[in-house]
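Once you scroll down, you'll see the structures, which are given as structure tokens.
You will see two complexes here that share chain A, one where it goes with chain B and one where it goes with chain C.
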Partner chain A sequence: MSRILVNPEFVEQLKEYGHVNVNDCFNCGNCTAVCPLSEGETAFPRKMVRLAQIGAAKELAARPELWICHYCGECSDTCPRQADPGEFMAAARRKAIAEYEPTGLASLMFRNSWVAVLVTVVLAAVLGAFLVSLHPEESPPWLFSLVAYETIHIVGVGALLGFVILGAIAFTRYFTRMIAVYGGWKKLTSPSARVWQATKMLIQDILTMPLHGKCDTDRDPPRPWTSQPRWSHWAIMWGFFLLLTATTLDFLLIYLAGTNFYLPARLSGTVGGALMLWGVIATIRERARAAQEPYQKSVLADWWLLIMLLLLTVTGFWLEIAVTFHWKQAFNDWALLFHTAVAMEFILLTPMTKFAHALYRPAALWVYHLKQAEGTANGTA
Partner chain B sequence: MSTEITAGEETERGEAVERDRYDAVVIGAGISGIQSALDLGDQGYSVLLVEREPSIGGRMISLSKVFPTLDCASCITTPKMSAVARHPKVTILVNTEVERVADKDGEKEIELLRKPTYVDNRACIGCRLCEYACPVEVPDRFEQGLALTRAIAVPFTNAIPQKAVLDAEHCIFCGACARACPTDAIRYEQEPRRQTIRAGIVVAATGFKLNVGINKPQYQPKNPRNVISPLQMERLLAPHGPYGRVLRPSDGKIPESVAYVLCAGSRDKSIGVPYCSRVCCMYSIKQAMLLSGALPIADITIYYMDIRAFGKGFEEFYQNAKAMGIQFVRGKVARVNDGPNGDLILRVEMTEEDGRVEERQHDLVVLAYGIIPELESPEQVGLRAGSDGFLARPDSTRPAFAGIEGVFTAGCAAGPKDIVDSIIEAGAAASAGSAYLSQCASKTTKS
Partner chain C sequence: MEPEKDEEAPKIGVYVCRCGGNISDVVDVERVAKTIAEMEGVAISKVHTFMCSDPGQSMIVEDIKKESLNRVVVASCSPFLHELTFRNAVQRGGLNPYLYDHVNIREQGSWAHKSDPEGATAKAIRLIAAGVEKVKHAEPLERIRLSNHQRALVLGGGAAGMKAALELARRGIPAVIIDKNAELGGHIKEWGKLFPTDEDGQTLAARLRSEVEAEKDIEVIAPAKVTKISGFVGNYDVAFERLGEGGKPGEEAKLTVGAIIVATGFEPYRPAEGEFGYRKTPRVMTMPEFIAWAGSQPNGRLTLDGREVRRVGFLHCVGSRQIEGVHKPQPDGRVNTYCSRVCCSTVLNQAVQVRKRFPSVSVLDFHQDIRSYGRGHEDYYIEASNRGVAFFRYHGDEPPEVATDAEGLVRLRMKDYLTWGEEIEASMDVLVLAVGMTPSPIGDLIDMLKLATGHDRFLQEVHPKLRPVESSVNGVFLAGTAQAPMTLEEALCSAGAAAAKAAALLGSEYVEVDPFVARVDEAKCTGCERCVEECAYSGAIVMVEKETEGGGKVKKAEVNAGLCAGCGACVAVCPTRAIDLRGWSLKEFDSMVDGLVSAAERLAAK
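Let's look at the complex of A and B:
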């Protein structure tokens, strides 16, 4: 491990990213032991707090534990010093996102909610203007009077490309650093049986999020599944995947291949939209209730992202209804413009917003499972 | 339906209230109150010692041994209790609560509520025949609920006074005690009485209690019978304790693995007790030592955040415990979960090792609850509270001064402290009190 210079100023920097109070921590270990996700050597958040206290910024940003935490808030609820380790973890995640993405936008947006609002509005406006500037053909079919069908696909591919480039840079920065913290690729992946084991566990995590479910195991009284963050989070994630699939299928089957085989895209889009809608509404509801620790610290940007996501989903459904019932209205075209511009913006901004966890969390979980597999291998040997 | 009783009347509860004015009223007859009363009485001041329980002696009389000397607690307390009970200048009122302390004509006026015991103390000879006759079994408060006593009973073996007290809440009024009593001392018709006393000074030695009922779900397993308080462990360890030896409450098993969870109810902002209770580290070490004598093959583990061994001989005591093989694990226990067969599983981060989380099974767990004031709202009785809820102590150069002229504090009433410090403070309160009294006397003479 590289040498770490003690930097007491780091906590001050971190405070710009959230309600950080970790200098009050006296390292009793309550947070780690109360965390349902802390098991054996994968123990957090106290170690992360310690890293922050001594100012080991790079090490902290590289730790997979940041992304294993789903912020159930129990550590903050029970912290004897009210040092709020849960909120600290959230702030450390924001700082890590800002550190890895190449544009510097994330840092600005996380530190000031108004910047986040401004950036999203301006970018959406620029994208919208650009979409409109690519004039539709002479007599466009209804719905596409403002934005042409072809334009959507071409610009969409561009946005996706932008995401891939930005995302790849951010991800590579994170992944190489995380692997280095764990003693290198070779150490982590031998014996190779571990790799398969960890990959299997990762797929399971993505399919049903069992780790996130653990956050609810110790709740007394238990909550109905409808208000468990695991399932709203799951719905948003799968909603997003299915909607992306729908767009991709539409692009491949109809635009590129020129077939009329629209059923798979429509089906995946409808199911995805429904999941997304429920997930977003459930999240907004829980955040508004503010019953749980994490949502007590909501800032404008949190609400803003959720509202944008809700508008995106609602306009998506609006358009689907309009298309299905051939419900011709001038508003449809504006809805399409809004929907397209904001959707593309979301894809482009993913590495710079809290959605960047979609890049980091799978990698962190994979390494987490590699470590766990090592533990069991040693245990049997 | 209360009736005033006048001074000079010999009450049916047996304590002659010679007059309605004393030089000093001491509230609480624990070790601090007893010491203050003795110190004031020895200086020639007349003292009224008021206790709300049926016996004097306070918390200390129920302890097994004291740290760091491992002296027998009752061997120290009983002579003090006896001395104060026989002191010519000290009058004791048990079963009596102080309802209000007020200023009147430069003196203190103290309103007392004398609770009924349903026994005529002039007649009761403490023979316990009523206790043996009573068919109703109730949890024994002196044994911290670990044993049963009867609805009419002498509070405990070495209680002072040795008078029976009837528990009206549980009594079925069957009359068995009245038939058994050889001196016809049972008075079912007794009523509470109010009485007003005037005094030159008040010493508040109202003591502490443990926050056992604390709202911390992480420490509340579904089967909590083997999670006990340190005061319960004191009784288990006492030679005249409820079982005569150390057994765990749920099934009488001899514990093989005992855990102490320190800071279970204090140094914790999340439960509203941010201060240190000051004695838990040491009594846990003491109990662990006594346990390793009582249960030579048991493993004893103390989970701690920091060991605060700050008093004279404390650090040596701690080092001795370590040398004796008592395990010390640094890490705050985050959860006490149910284990198999009534055992408990503690979740703790090994903060001094690699920081891994361990789930450790123990068959008896002692939670070191926090020390909170016994007197919940001092303002209601005319005393001043500090920011921590204990009695106020506004002036660091007058350590026993309670923020109201003529009112002094001693012992845990003003904050958690050990027995030695409590006794020192009781002396300080008596000394400050006597200085105040003599100043008042000289003022009166001048004028």
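Let's look at the complex of A and C:
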């Protein structure tokens, strides 16, 4: 790293993004010592806290460690100065999302809850109106009297395109900075065996979340698996994957290929929805109870993600039931409109909300595994 | 003065201590005692496990009475530890306490020769034999009584000086304060709110001053300057000069006191030009300069050179904890290696005040360590940290570099060890150098009083733990920061201790000093004056004209017991062996040599 320009006023900016109390930190390093994921050169959260204290904003926003943290809250429980490193890491992640997102909307939404609510409602309304404005066919099939089947797919592709453009800009900016933290692409990827090793580890992370698991099992006493954030998170993530698969299958097999082969999509959607519902409800319950770390200090960004997912899942199930039992009430059309509009804005807003972690965490984990593999590759673990 | 002739034959009791194995594990103490018992004049030779214990001491007391011993030798540890213990025991036995000799066979025996028990035993025998021969010639001595002027002089009217004078006066001892400034109060009156109580320095100084003024037993002579001090404990003659306007010399006067308390305080370290940018830009200032400037600014907004101040930095350890080869030496060639003890808490206090008074100003703190050691000092750290002060830590051997940038702001660069050694650069409107303490320029006083100074140039006490406020000069005590950097609490505490010591000394009409001073055999003295030339204690030995029997006049040397330190320099240069030291006479030394030689013969014969 080149010379860091000190900017003590930065902490005040960071405070707008969450519960930040890093000035109380006296750099003892207890947080790093108890962190189940911090090791070697990828040590946190003390280092991250320090960067915030001295106002090294750019350096902080580039650190992959922000995303290696799965927020178990051990550090906040152990901190002798109540500097709350766990909440700080969450705020720093929000700041990082805002830093790389190109429209500036993320920064506004994280810093002001009213803006976040307004943007969500208005964007949903606009999308809904747009969906309705593209008139359905003369004699629409049941359930598509408000919004045409084709329209959904066309607008969906549009929203996806918007997401891809915005996401790609944000992601590229962030990813290149992350790589630079550990000495650049060439340094990180040689020998090339590291790339394969890191990719393997990343796949494992995605399949079973072993790192997140460490956050739970390293606790004393360990949490029972039913209340482990790892599994509720796992359920949400795989629920989302399966629902995405369902939509994709529907698009490919039925819309594009014009077949009537809807079983894979329905199966994937039902299982995914069930997983999602369990994960979201379990998490909402913990956040509402606010009994223990990491759920003690939820901010709107946390609730936003959970509520959006809950709305999507519940309306999704509703539609599935309606389709299955051939309920032909008019409000099912409205439910479809609501579901579609919310789903599309959810995708569009990905780089501006907490959901952006779905982009950044895998990238950070990959960089992290590359860095970790350095020791193994050189035989100096 | 010829020593009295010993009428009775010596009956010496010799006591060899095992020191619970410390001695006896190496030295064969039984053999030592047996060998010494054979010496002429030795009536008793005994061994005890702990001679300094009550049973050990009682044994000596009873033996003196039962066996009518008239001399005692104890062979044990260093005389620093227990010489006085056994002198007192001998006195309890009914003997003069100076008919005693202490032989060290632990530090100079068993501990030094652990691997050579045979040699250590032989050495113990020789040392004790020397002691036995010496004690045969010991004379009964009395402590010397000197008249005592029951009044104290306090040099310096800062917080410590005023406190010392007040404590003395309240014990009924009149005190005189001499200060070079017209207004008493020293530095604290310039410093605003002081840690750890947040009291105002000016108020504290005014309070002490009004107490001093109200005390009838305190006389304040200020502004004035001491020009000459002569005399000795109980009898110090002090000449001083009242200063007129602008420090011009005024009338001279004299006073006599029994004790002197040196409370001359300190001066803030003055950075050299260019040291951390000092005097290169008005934006780099010392802590006292900052306190004066910030104190004059209205709350809410801080401006310098018409520009709003947004960031203030504090740099610790300026002029303190310097490292040879890293820091530029002071004019005397030394570096200030000591910690000034007050700067850390001062910085934290000022940092908090800046954040309270000027909330829009950010504060940066550059330290090597934060030593907020005193009660309540850590609270300032906690508050500073709560109020968003950013801390940076440098290594002592890599002090920060300070320069000015294009806009004229102060730019500081350093490796920050809280940021794992990364190079950081901070730009500030004001950088405050937390300067340490240096001794006041009191070279003339040090010469006049012959005070000892440490490597740090501050006045040195006799023993940092056991005699912390006594100087090496009898009757001269140290109070406050003249002795070392210390906080106001510590300075006042030390002033109280010095006052208590002085009050104890001045409580009676006479003072007693050890009898170990030189004496002159007038019959042998030729008046050659070599002793006077050699004497390091001005006035301790002087030439006096005396009338001879034939009516003529001759010069003879005469000792002033109050001034003589008993160093023996005069004894060594006297060509006619006319001078002797009480308790350490030439005869005693001669016999010690005899003892060493005879013991060697005795050992060889075995």
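Heads up, the rule we're going with is that the second predicted complex is superposed on the first by the 374 of 381 C-alpha atoms of A that agree within 3 Å, B and C clash if a C-alpha of one lies under 4 Å from a C-alpha of the other, contacts with A are read in each partner's own complex, and residues count from 1 in each chain.
Keep in mind that, in the parts below, contacts are C-beta pairs under 8 Å (C-beta built on N, C-alpha and C of every residue); 3 or more make two chains touch, one makes a residue touch a chain.
Computed from a predicted model, the values in this text were never measured in an experiment.
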When chain B and chain C are modelled together on chain A, clash or fit: fit
Touching partner for A:79 - first (chain B), second (chain C), both, neither: first
Partner chain in contact with A:47 - chain B first, chain C second, else both or neither: both
First, second, both or neither for A:8, with chain B first and chain C second: second
Touched partner set for A:27, first chain B, second chain C, both or neither: both
Touched partner set for A:103, first chain B, second chain C, both or neither: neither
Geometry of the superposed three-chain model: angle at chain A (Cα centres of chain B and chain C, steps of 10 degrees): 30
Superposition-derived minimum Cα distance between chain C and chain B (Å): 6
Footprint overlap on chain A, where chain B in one structure and chain C in the other make contact: 26-27, 47, 81
Residue ranges of chain A in contact with chain C within the complex: 1-6, 8-9, 11-12, 23-27, 47, 50-51, 53-56, 81
Complex contacts: residues of chain C adjacent to chain A: 311, 362-364, 385-392, 413, 416, 418-420, 422-427
Sites on chain B touched by chain A in the complex: 216-218, 263, 267-270, 305, 330-335, 347-351, 354-357
Touching residues on chain A, where the partner in the complex is chain B: 26-35, 38-41, 43, 46-47, 77-82, 218, 220
